[in-house]
């Protein structure tokens, strides 16, 4: 009976996470130019489709198969149900479904950062690599019984395992492919390249915020009295981050900036994801406030100092706040209705947990950056990563897909 | 026949239309253009990057009419569409050599009727 | 175990109610002009963020803290979990989460009625007041053990507590701020100011209809056999109201009007909210039909007779039908699978319940109008409620946020 | 207790299916021209409203009332709750609610195929006929204890009962009404008439994919350990179909086509619906791959060979794949965690099940085509099915509803 | 050289394009305008308030061509684009003083080539 | 006074604006048009049906200026906006009979100031 409740719970959480694909699709297309909209949407559709198949056959086994030296899983390929995971408290298929939609989320993050210039065929290739190898391996370390989980590394719903992994791959991709034409002036000044539809962007953020309750609370993998705690920390962190971002942009730019504030809400959600079960409400709020600052300054610095062109702010949102959320566990962990006995630095627990979190973050950062830089560079020097300048100017919708997103509307350009 | 090309603030369109109709103008075309002139654009920002929008939205009204009517209408526009603030717009006058009504083949003044 | 089922139930209902923010955001932006879209979206994002924080720290205590003379709650501030409400059948955090998303709904309603002319900073101020004081106090009367609940006032899911409160605040706001420039001719005729995107409006209504099943059925606060009854009354009322509105506009205007019909569906949903558990299916249909009439004539009269400018029809939808739904309980209450023993006028129960409903409605109306008129007038005469005419003509997106919603599209004006 | 879990489960599945209305509304409006958008949205709103009322009073009784010769149900009219169905394991109202949203789905499918030229009043009439008679009768055969269910016909979640019925009605409608003006050149060449917004189309598909988990898994009508199996087959089939469509269009047209690929994902979902509980994961993938081929070639052939003008591809998606999914049960059925003992042709079960599936498909095809051709022709020769050419050219939004979907945007035509 | 400014119903664009190409016109510009003339607009409604849409969608085709060609094309347009119903549109003829092709610097007739 | 009607690639707008301002032109209008010329359109597809998009996006810049300035600007445009690839665009020159500034009633050169 309890098993049935768990199944209902985790199943519905899974489908909420699946809906994140809709959220990311409209968010990313809203934050890019209309001449690339079909391409953005197609990439979102395809990374979910490809990821679903590949993760089923290979990725799941690498992540949750029987542990090999703490490094990767090594069983359950082709037929992951045979592993029989969670057969008593849930059901293997529900667990696989839940993990599938998580994997797809990580893959989707990359597409935004490399939008408006990446060849579609190359996109498909690196999506395969991420779903097949990159995500499952570090996922094994954290959730699959690998060395980080053995060390006591805590990442409840995936600030590191999902968001930072996606964000780091996005970083490697954005650096390797280089900025969009016209993004930086010859003397290095950053130009604003506006997204074409803020309503799509905002709808995406509201959908994602909704889905995140499935993402975080569902990671309990069981119906439990404590899931309300997770919902509240998640919501308070996001609200605090959105507020902080709004006031910060107001203060710094003279007016409250909507597109940054939308990123701010997501930043709070990413940051609370690792510790949503182990921090208190005020802790969650502080984590959110810091996320708001991080995303605002982070996106600025990535863009203006490092001249890394990330059209939708994926690196600032997912990488920076994924890492921040991971470390924040080491700072804010305390007794909650969910877990007891682990305390972070600010709650008298000393540096122990923080160090573990730091090691985990470092290991994952190294893993993802190394594998992804290799992947992107191999693609770049073989099939090519980037469309031609002519195609980029005219737009990838015509170039890659032979169609337009809004064929009836008159555009200004 | 003359063509008046009248560039105005979008919010003045109704007033101009009324003025033209009071003068028994029989037809016109409107389109929206982005204008640049003494009136400055404004600054927008996107994720912290400020940038100038140099062009402001203007409405372009094109009306072809008999030469006699042109001067009177110009005077009325000057009187009624003026706000006195930079950006009120301009009237450009061109010669039209010929006008044909496709439906009937009528020409010139008859075509405007 | 039963507790776990309840938690799954109420948690998922809560996240559905949270998604109403997406529904309202796209609905309100679709029904207003594109030059104010970013502003509308930003307000929706912010009232949810601010409301989440403020309701947690103060509002919840005022609403559900230990009762003070039937007027307000007086405990549980700062740490509302400490009240331990529903600890046995649910969990305090899930209950707080559920109540938080309800509060945010009430606050959001106001933004539509005052759209396209309100200063963003002033909006933030009155959102704080509504989430902090106005909503929690009348909420206490109805749901928190206050004098109305002691009297037997019935408002199952909040026709009065949420929608009428939001609608009344919207009325006070729209009157205080005055109509948009160009809305009324000098001789008092009403001009149509069209919304910029009906698809966004329709998407919003479909999302809201979906969410409403969480709103109404979730208000059971427990998984129960009877929730199907609530779903059915909710759905039938909405369907009847949409149909009635469509035919009414067809009959009166010569053609079936889409934007009014969309409002009609919402009107039915608002009207059934108070009595969804206590009316029969035919009762629900009649309540819905009346709602369709009310919203059509109501919006017309508010606009054309009273010259109150409400861009999205929030007053007609939420205030009129909130009050109607509240009174309808006194007319249509009957034995259902949910409750027995209370009967309205039409089911032989006499005037008793109707009078209680009337008193409740009157008390809440007085409370909200008085506090909100004061609030809006104080704001008006201090920081100012309204943007300058120049800014209003150019649009609040440029004026308040320095950005455009659709920077690439050519607009007609 | 188990009943409560079932209620939570089926209730939430129902509301997910209800949200399909949002998915179809935005999908269909995205895939048609902006001058007909309000009409498309209005039709979606109205078929759900009308269907909800009519199915409650009549349709449900025809479908689930006590069986009359295996042909139709004959009790439970006006007050379907009185039938007391599923009173022990679920609740009659939840079951009715679940069935209502299914019925509305079938009705909605038709609107897309007849879009951009059908009179609104005639649309309302045939929606009534479909919800009142067509869908409930064949539904009775399949799910209500009628002759097909007695024969062992398998259609778990409605490939045939919902999608093929909708798709067949769409076929009859599209043939009867004829193509849109300008769709075919005088010498019979097909012209592309582009949809106006791919983002709306893509959002619709993502929403529908999400909702489909409620549609398929919820058809269990009970919380069960096996629902994960259903989720996985559903997801894998959709992913495989989307992938197959993408590569197929890439191969055939030179570039991967987004609008067809979106249709492809839906095709996979439709095809897996009948057998999602009874096929293995590899079986699901093959069903999906075939669906991708079927939809691509099917839509081409319907359009170019048969010159049937179906603006959104509803016939190719729902009819072809509904039938394919129904037959696929006879090919791929095998032992799964959900059912055992039935085997299709490819799993050594011989032709038995396939023949039953074929008979069922044939019966439903005959029933729907006959009733729908009669319906559409009666309408055509009485009130008229089609708007005037002038109205069609100017758009149905102005003609039928006196309004525009995007009044502020400049359009190219 | 002349410029023809041809205002037509949007649905006639393809026919006009074909006609111009048959006459070996080498280029043209199209834009969409809102027209006002004898053809009436229509009434819309929004939440019960009726209002008039006075302007109807028209296509404006601008083509610059050698003077000799203009008359023939005008005749053909009159013959082929006429529906006979109000709203068929107009042709306005203007003198063009000079044409330059940016790519080559060629002028006038050569620039049109 | 002359009107220059300059048809360019959209991506050249900033360059043209700068060039005009360097020549102390005081105002201009821009609008987007669909152009047809030697530069071919491209092929799109929709659900497997291929179709040609014959018109390409162009920017039309209209600027009215004193006759003296026209030639110099034309030369500069030829020099600076040329990419040498088909589709660079054209300049058409028209006579303007009169210009009026609505705000002040000033005429001609004064109105352009």
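All chains are identified by letter, namely A, B, C, D, E and F, in their written order; residue positions are counted from 1 within each chain.
FYI, a contact is a pair of C-beta atoms (placed from the backbone, for glycine too) under 8 Å apart; a residue touches a chain by one contact, two chains touch by 3 or more.
Computed from a predicted structure; not experimentally measured.
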(request) Could you tell me which chains make contact with chain A and chain E both? (result) B, C, D, F
(message) Between B-C and C-E, which chain pair is linked by the larger number of C-beta contacts?
(response) C-E
(request) Name the pair in C-E, B-C or D-E that forms the same interface as A-B; by residue number, over half of the contact pairs must coincide. (result) C-E
(request) Using mean C-alpha positions as chain centres, tell me how far chain A is from chain D in Å, no decimals. (result) 34
(message) For chain A versus chain F, what separation do you get between their C-alpha means, in angstrom?
(response) 45
(request) Pull out every residue in chain B that's touching 2 or more other chains. (result) 31-32, 34, 44-46, 50, 94-95
(request) Could you tell me which residues belong to chain D and also touch two or more other chains? (result) 1, 5, 8, 12, 194-195, 197, 253-255, 257, 259, 402-404, 406, 409-413
(request) Would you please name all pairs of chains that touch? (result) A-B, A-C, A-D, A-F, B-C, B-E, B-F, C-D, C-E, D-E, D-F, E-F
(message) Applying the document's contact rule, which stretches of chain F touch chain A when the two form their complex?
(response) 10-11, 32, 42-46, 50, 57
(message) Using the touch definition from the top, list the residues of chain A that touch chain C in their complex.
(response) 1-2, 5, 8-9, 12, 16, 33-34, 194-199, 202-203, 205-207, 209-210, 213-214, 217, 223-229, 231-232, 235-236, 238-240, 242-243, 246, 253-259, 261-262, 265, 281, 285, 337, 406, 409-413
(request) Can you check the complex and tell me which residues of chain F touch chain E? (result) 2, 7-8, 31-38, 54-55, 58, 60, 74, 77-78, 81-95
(request) Please name which positions on chain A make contact with chain F in the complex. (result) 393, 398, 402-404, 410-413
(request) Would you mind writing out the residues of chain D in touch with chain F in their complex? (result) 190-192, 194-195, 249, 252-255, 257, 259-260, 263, 296, 299-300, 303-304, 313, 412
